[in-house]
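Some notes on the structure that comes next.
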Amino acid sequence: MNNADLLLLAIAIPALTPFLLAACGKQPNLRDTVSVLASIATFAAVLPLLLAVIDGARPAISLIEVMPGLVLGFEIEPLGMLFATVASGLWIPTALYSIGYMRGAHEKKQTRFAICFAIAIASAIGIAFSGNLFTLFIFYEVLTISTYPLVAHKETPEAKKGARTYLAILMTTSILFLLVALIWTWNIAGTTEFRAGGILDGRLDPVYAPFLLALFAFGIGKAALMPFHRWLPAAMVAPTPVSALLHAVAVVKAGVFTMLKVGTYIFGVGFLGKTGASDWLVWLAAASILIASIVALTKDDLKARLAYSTVSQLSYITLGMALAVQMGVIGGAMHIVTHAMGKIALFMCAGAIYVAAHKTKISQLDGLGRKMPVTFACFTIAALSIIGLPPFAGAWSKWYLMIAAADANQLIIIGVLMVSSLLNVAYLLPIPARAFFLKPKEDKAHGDAAASRIEEAPLLCLLPICFAALGCIVLFFTIGGLYEYLLSIPIRPESLP
Amino acid sequence: MDPALIDFARNLATAIAFIVGGGFILVGSLGLVRLPDVWSRIHAAGIIDTIGAELILIGMMFQTGLTQTTLKLALIGLFLFITGPTATHAVANASFIAGIRPDRLKRNESEAVLGEDTPEEMKA
Amino acid sequence: MMSLIEANLPALQVVLPLVAAPLCALLGRGDRSWAFACLVTFVTFAVSVALFAETYAGTIISYRMGGWEIPLGIEYRVDRLNAFVLLIISGSAALVLPYARRIVAAEIPAERQPLFYTAFLLCITGLLGITITGDAFNIFVFLEISSLATYALVASGSWVNKRALTAAYNYLIMGTVGATFFVIGVGMLYMITGTLNLADLAVRIVEHGDSSTLRMGFVFILIGIGLKLAMFPLHLWLPNAYAYAPSAVTAFLAATATKAAVYVMLRFMFTVFGFDYEFQADTLRMVVLPLAVIAMFAASIVAIFQDNLKRMLAYSSIAQIGYILLGLTFLTETGLTASIVHLFNHAVTKAALFMVAGCFVLSAGTCSISKLGGIGRDMPWTTAAFVVGGLSLIGLPLTVGFISKWYLVLAALELGWWPVALMIMASSLLAIIYVWRVIEAAYLQPAPEGVVRKEAPLSMLIPTWIFIGLSIWFGINAMLTSTAAGRAASALIDSSHILWKE
Amino acid sequence: MSDLGIDLDYIMGRYNYWLFCILMMTGLYITVSRGNLIKKIVGLNIFQTAVFMLYISMGKVIGGTAPILTEVPETIYSNPLPHVLILTAIVVGIATTAVALALVVRIRESYGTIEEDEILELEHDMDFGSGAAQGDPVA
Amino acid sequence: MTANLIGIAIIDIVFFTLLVLTAIAILRQRNLFAVAMLSGVFSLLSAGLFVTLDAMDVAFTEAAVGAGISTVLMLGTLALTSRDEAKRPRSALLPLFVCLVAGAALVYGTLDMPPFGAVDNPIQTHVAPEYIARTPTDIGIPNVVAAVLASYRGFDTLGEVVVVFAALVAVLLMLGTSGRRTNGKNGKEE
Amino acid sequence: MEHHSILRVVSKLLIPPMLVYALYVQFHGEYSPGGGFQAGVVFAAAFVLYSLVHGIDALTRVAPPRVLHALAGLGVLIFAGTGVVTMALGDAYLGYYALGEHPQHAQEWGIVVVEFGVGMTVATVMLSLFIAFASHTRKLDDKDW
Amino acid sequence: MTKALGLLVALFALWLALSGYFKPFLLIVGFLSCLFTVLLARRMNLLDDEAVPLQLRLTLPLYWSWLGGEIFKSALAVSKIILSPRIVLDQQLIAVESPLKTDMGHVIFANSITLTPGTATVEAAPGKFLVHALTNEAASAEAFTEMARRVAVVETR
Amino acid sequence: MAMFLAITAALFVAIVLVLVRLFAGPTLYDRVLAVNTFGTLTVLVLSALGFVTERPDFLDIAMLYALVNFVGTIAILKFFRYRSFGRIRPEPEER
């Protein structure tokens, strides 16, 4: 089996899983087994690809020419491979976790949930492997639509409203800006292929470059750049596994990943740096980082706070791209991984808390740490990773981003990153602190009996959390390999043979 | 006979027919406007339908001589001759049944014709 | 025999359904006439496939009715453009008719069904005739055949809802005014050129030069056809006509009627008038373009507030016609490609969507969105078809709608018309809203109490899904449609003399 | 003539068309402005007939005769083509009228009126009055 | 210009004046029976006009249609509907505006039209003379209109027949084939 | 004797000539104004007159709607079928030259046949339309007017 | 059968008068047309004395010419009324006895009354007519009897 | 020829007068009467026009109209009578 086949397989497995799931929708156990097996199989297909890519292979395949000159095709390069690995890798724990969560919370329509979940993963991998912007756009939209039912899963009025917001913003931005940007790109470059060094250099009048970049930056709504970030908090009405995987990993990372791809392979870092087209984006991203952090401080709802945190963290990656230096790309890419690890753990914790204690507000968590020690320990680790303290993975990505800012002579940005870290501390650490150190409030309604029944979440929930928290630590020590790997992201145009 | 003379005679005949017929038609149409009610107007229409129309057609026949066109004109005359009064009768009948009566009726013998069972509306 | 058929293909295209119509009326019983009509449409479809294949390479078939020389007699002229449109029309017919049986049986009294199918065949005849003919006045005649049949078809919705009658009446008045305007326009052209043959007209219009008569001929034809194709301020007949016509009729009309009119518009605008003069181009760009843009927004916004699914889709059709006209007003090859490709794409999508509405009507007895709660569970396949069709309406990738939007935006960008490109996209966002209302109702709302809804019968599901399949297939592999449309467009542009063409 | 600013030939060459324009406008006005469904149809007929006249007058040759050939040589004939077209158009017109009238009959049966305003009121009631949803059958 | 030609021109104008008067009478008349009659008169006057414009066949058709079928059908409809048009205030401004714009466009279109009745108009030189010149040899019948109608443009006529047939289908679809009423309520009298 | 006997007698006198006149118009379309359409209308008018005087039921007895509808379709088929025949004979659709050796006769034959189809359709359709309208309501009694 | 034949002959004469062409084709078609018409007339039950008035004497043209004179005279009378500056009418509805035996005779009589301006038949009842007359002179009974006498000559069975 | 023009002119004057009656009414029977008379006049005008346009052989139109006009008049009366008085007038059995 060669790499191209593997590539197809990596997409096909999650893409075909829904059919299997639908077929065995009547038997929950079988269905959930299929779900887990599929996630493992996908990862198994992705891993050899990763190894091949590390070896320098660039498998490519083009499926069909949709319109003259517009190809539906895949090509793997380091950045995409990284994203695919993260997405598929984290699917396994999430699959396990969601079994526990969904059963624990007695959610309805679990089959639909599993199906949409699988489609979402398939499209995330599709995004990762896209050989051109057009293909990427297709999977981008599939991702949006397949996650809509997940967000609206509870079918309550709030869920519907949140899902509407989610859909409206993502669709609006993608169609109104991204598609136009895509067509514009195609119009001037005659192709939408991802090429090292970009395809616009020499074709696009530098005067227009900022505008095209703006179309991209706002068009990629999944990157949650302010002011188009509202969907992310709105989507928090979804069941927690959804928030965990999709809104910490697949969906938002698809957004920033696209951002990186566009910066690196469409515009080209060199072109961006030369023309200064992305300067404005640097400032916008910086503003986004700070404002989102401040908003996060004001939120009492745990998931909402995490969501705003995500908004803020995503802007780091956008910032990395906008800095238009190699280190920025590397830092951004690295942040994809580290933040994913951290945030998924945090969300899973939030879910565990909901399943075990039915609590969603931070102010209700007082003293819960003693009842759920493992959960909150993991929460603390992940939080520290997000904040960027060694020995947790988050430290490295922030480090590289700061280097990038220095490379780009944006000293103020370094300051911004510092301030942001402080804000992270301010909004994340109080949570475990309350849980561990404060006394539980008297709950008149449920009484002590209810409170005393709270214990750790089901094992299926707990295991993935531990796994993710562990990942945060392990990643810190193995970052060298990742850095080496990321250096292979081509920045300059390949010299023609 | 002199063809010119025949021509003249023929034109003269046409002219007379036209003048008389046209005169009747004008008078009839004037009557249609001037006369006070349906009943009297029926007679004005009668002038146009009968004497006026026929005379004009006859005048035309003089012009065409003995050709197929003459036959057609004669046929038109015949049709008008049959349909004209019938239509007039139908109008008169309809307005009679509708209960419309002449303004100042000098003599009314309608019961004599219709008999005892004449509906109220028709007696008007 | 084969060669005889082959030589007379263009005539057969129209004559087949034409001869079939009276026969169908004579057959007498509903099912028999249905089967016969189906058979005829299949054969007709085969004929248009043959014509399409023949013209795909670029041959222009010219068929002389009665064997008379061209300006004397009536010419049938098939080129890439109208072969494509013929394919759309006969293909839609061949799919809608099999679909029609069950829903027609439910909506139309049994004794009227043979007449219904006869009218259907007549409508097909008219539409095909409009498309294939190369004679300006012949267009009018066949336009009226299709229109009269359409009025009857729309009015036959009155057994379900009496408003079909007023809808048909309004359609009739506006349609007739439109046709008469068209006749005035053709008369003016005839007056200054002395010919009715479209190709001959094109040549002689150039010879005779610009004149106020030519200009007004242009305007009257534009308005006349505009009425028929529901160009924005002239669209008032469409929503009710589509909403209250029998479901099968709506599906067919939405797929074909306005499309044939658009074809006539294209043919006149490009082949006949050819934009030698500022006046025509200015009219299109200063008047029709803004109207098209307004249509895209206004109609979509109105669609959002409709509770009747069919009516909502009808308003959406007006908006989609706006897209088609917009592509036309660009006066570029890409713009035309966009228009032509959208002809096909919208036909496929809208037919499918209206068919879904028909399935809802049959099973749920209503197509009121507020009463379709939870129908996604009861009728999974039908609703799924709606979702895919809706996505295509929005213009998401992997559906045909995307292809159209792509070309349209591309055309706008080529001209550097930024605001237009953004507006195209903005209006498709409105489509999201109205499509999503239905999807949300179908999946996320609870079903009304005590309602039993069964999945639509296969005879209706299969045609619906064929349309959906087409709209996916040609969304993924648009080579055939976009190449065909591109070729047709370039042929049109080549045949016309656009004044700023390099 | 031209120094007066009036070109008599020009006017003579067009007066016929202008007259029919007036007639067309009258017909169109009746169609658009009247609320009675039957009257609209009558207006439509007038409108169409005026168009027919436009066609026929363009086919006229002054000094010509009907295009039915005679033995007389050198006869000028009027243009037969507009005649043919208008024959067809008249037939189309009567067909349309018949369909329209049939519709009016049915409308009257269903609505009890043939006045547009009253029908609109009834339909407005159907939409908003009873609270019935728009998509519902109203037999 | 002989006296005859001037005479025809005058007849032309007289007919036209009568037509406009009739049209205005139709506009103002509220009794629908009177409207039906007036529309019959209208088509009869136009038939006369067609005769003066050399269009015998058209006049023939218009007379047959206007006086015969059209009136009878309209009466048949009136018998089933109502006699009078309701008196209702309607804003006449918009329709007036529409008509004036359409009329202005028409008049503008006539400005460059080839003059009425001239022998060298494009339409008299391009296709039509061919018909007149070729009919005797091609088809061998004197009525050129019939030749064009049934042979040169026979397909148009086929379309015309189909239109008539379509009208039948349409009317029967709406009113029923048996002639008996299908659905109950209808004002036998209002 | 009914109160409109005059009308009855006159209509009886008039109908046969009207029919013959209609047929004359039908078959002289090539020589003088007229043709299938006009003939059809006059033909129908004669029947309308009959029904006006003798009632709609008498008319439907003489000309049953079913037959009329069939004939209407048949008329279209005659016209369209002529085209199919010429097509089968190797000429174009409605190319009458295929109908005979002598070109002019072939054309004339074609025109006659085609016009016959027109006349048949128009007459029957017009009559059917009248019947459809007239019988859509309560029957008009013969004496009722 | 005689009626049918008579009608056929009459109709064919009408055809010839209308046609004026004596081409074999047109003659054949004409004959067939007339035959067809006769068949239709039979189907319509028209073949009786009223539709085929073969029984009428040849004196009909004579009667017509007399009637023409009458019409002319009464037309003049009515014209005088119309043209007079003040219109004076003596309208009346009078019953007129009809001595005629056949329907055809009745019709001829009634139509003759209507044809003569100044009088018009309004309603027909068995054996008598209701006639509207414009003036006293028009309503004079002698004129009607004279007319009835002349119609009777034409009518005889 | 002048004669025909003259008679046409006279007929036109008559037509105008008849139209005045037609427009003015007042009863429907006045109008029917006017229409019928108008028909007769039109037959004459059409015949005269045949002569004016020098093609008198086409009297068919006039003949057609002479026949059809009658049908029209009868139709108007029949339909109008039924509409307005059909109910008032007793059914035949009752008489």
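Should a chain be cited, it is by its letter among A, B, C, D, E, F, G and H, assigned in written order, with residues numbered from 1 in that chain.
What we mean here is this: a contact is a pair of C-beta atoms (placed from the backbone, for glycine too) under 8 Å apart; a residue touches a chain by one contact, two chains touch by 3 or more.
Keep in mind the model is a prediction, meaning the values are calculated, not measured.
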Number of hops, chain F to chain H, where each hop joins two touching chains: 1
Length of the shortest touching-chain route, chain D through to chain G: 2
Relative to chain G, chain with the most remote C-alpha centre: A
Between the pairs B-F and C-D, the one where more C-beta pairs touch: C-D
Maximum centroid distance from chain F, chain identifier (CA atoms): A
Separation of mean Cα positions, chain C and chain A [Å, integer]: 44
Computed distance of Cα centres, chain D from chain B, in Å: 34
Averaged-CA centre spacing for the pair chain G and chain F, given as whole angstrom: 29
Euclidean distance of C-alpha centroids - chain B vs chain G, Å: 13
Sequence positions of chain C contacting 2 or more other chains: 18, 21-22, 25, 65-66, 137, 141, 144, 148, 151-152, 155, 158, 184, 190-191, 196
For chain F, residues that touch 2 or more chains besides their own: 3-4, 6-7, 10, 13-14, 17, 21, 25, 31-34, 37-38, 41-42, 45, 48, 69, 72-73, 76, 80, 83, 93-94, 96, 122, 129, 132-133, 136, 145
For chain H, residues contacting two or more additional chains: 15, 32, 53-55, 57-58, 60-61, 63-64, 67-71, 74-75, 77, 80-82, 84, 86, 89
Touching pairs among all chains present in the structure: A-C, B-F, B-G, B-H, C-D, C-E, C-F, D-E, D-F, D-H, E-F, E-H, F-G, F-H
Residue ranges of chain E touching chain C (in the complex, touch as defined): 105-106, 108-114, 121-128, 130-131, 134, 151-156, 158-160, 162-163, 165-167, 169-174, 176-178, 182
Residues on chain H engaged by chain B in the complex (per definition of touch): 3, 6-7, 10-11, 13-15, 17-18, 20-21, 27, 29-30, 32-34, 36-37, 40-41, 43-44, 47-48, 51, 56-57, 59-60, 62-63, 66-67, 69-70, 73-74, 77, 80-81, 84-85, 88-90, 95
List of chain H residues in touch with chain F within their complex: 57-58, 60-61, 63-64, 67-68, 70-71, 74-75, 77-78, 81-82, 86, 89, 91-92
Chain B to chain H touching residues, read off their complex: 11, 14-15, 18, 21-22, 25-26, 28-30, 32-33, 38, 41-42, 45, 48-49, 53, 56-57, 59-60, 63-64, 68-69, 72-73, 75-76, 79-80, 83-84, 86-88, 90-91, 94-95, 97-98, 100, 117, 119, 121
In the complex with chain F, residue positions of chain G that touch it: 7, 11, 14-15, 18-19, 21, 26, 29-30, 33-34, 36-38, 40-41, 43-44, 46, 48, 50-51, 53, 103-104, 106-107, 110-111, 121, 123-126
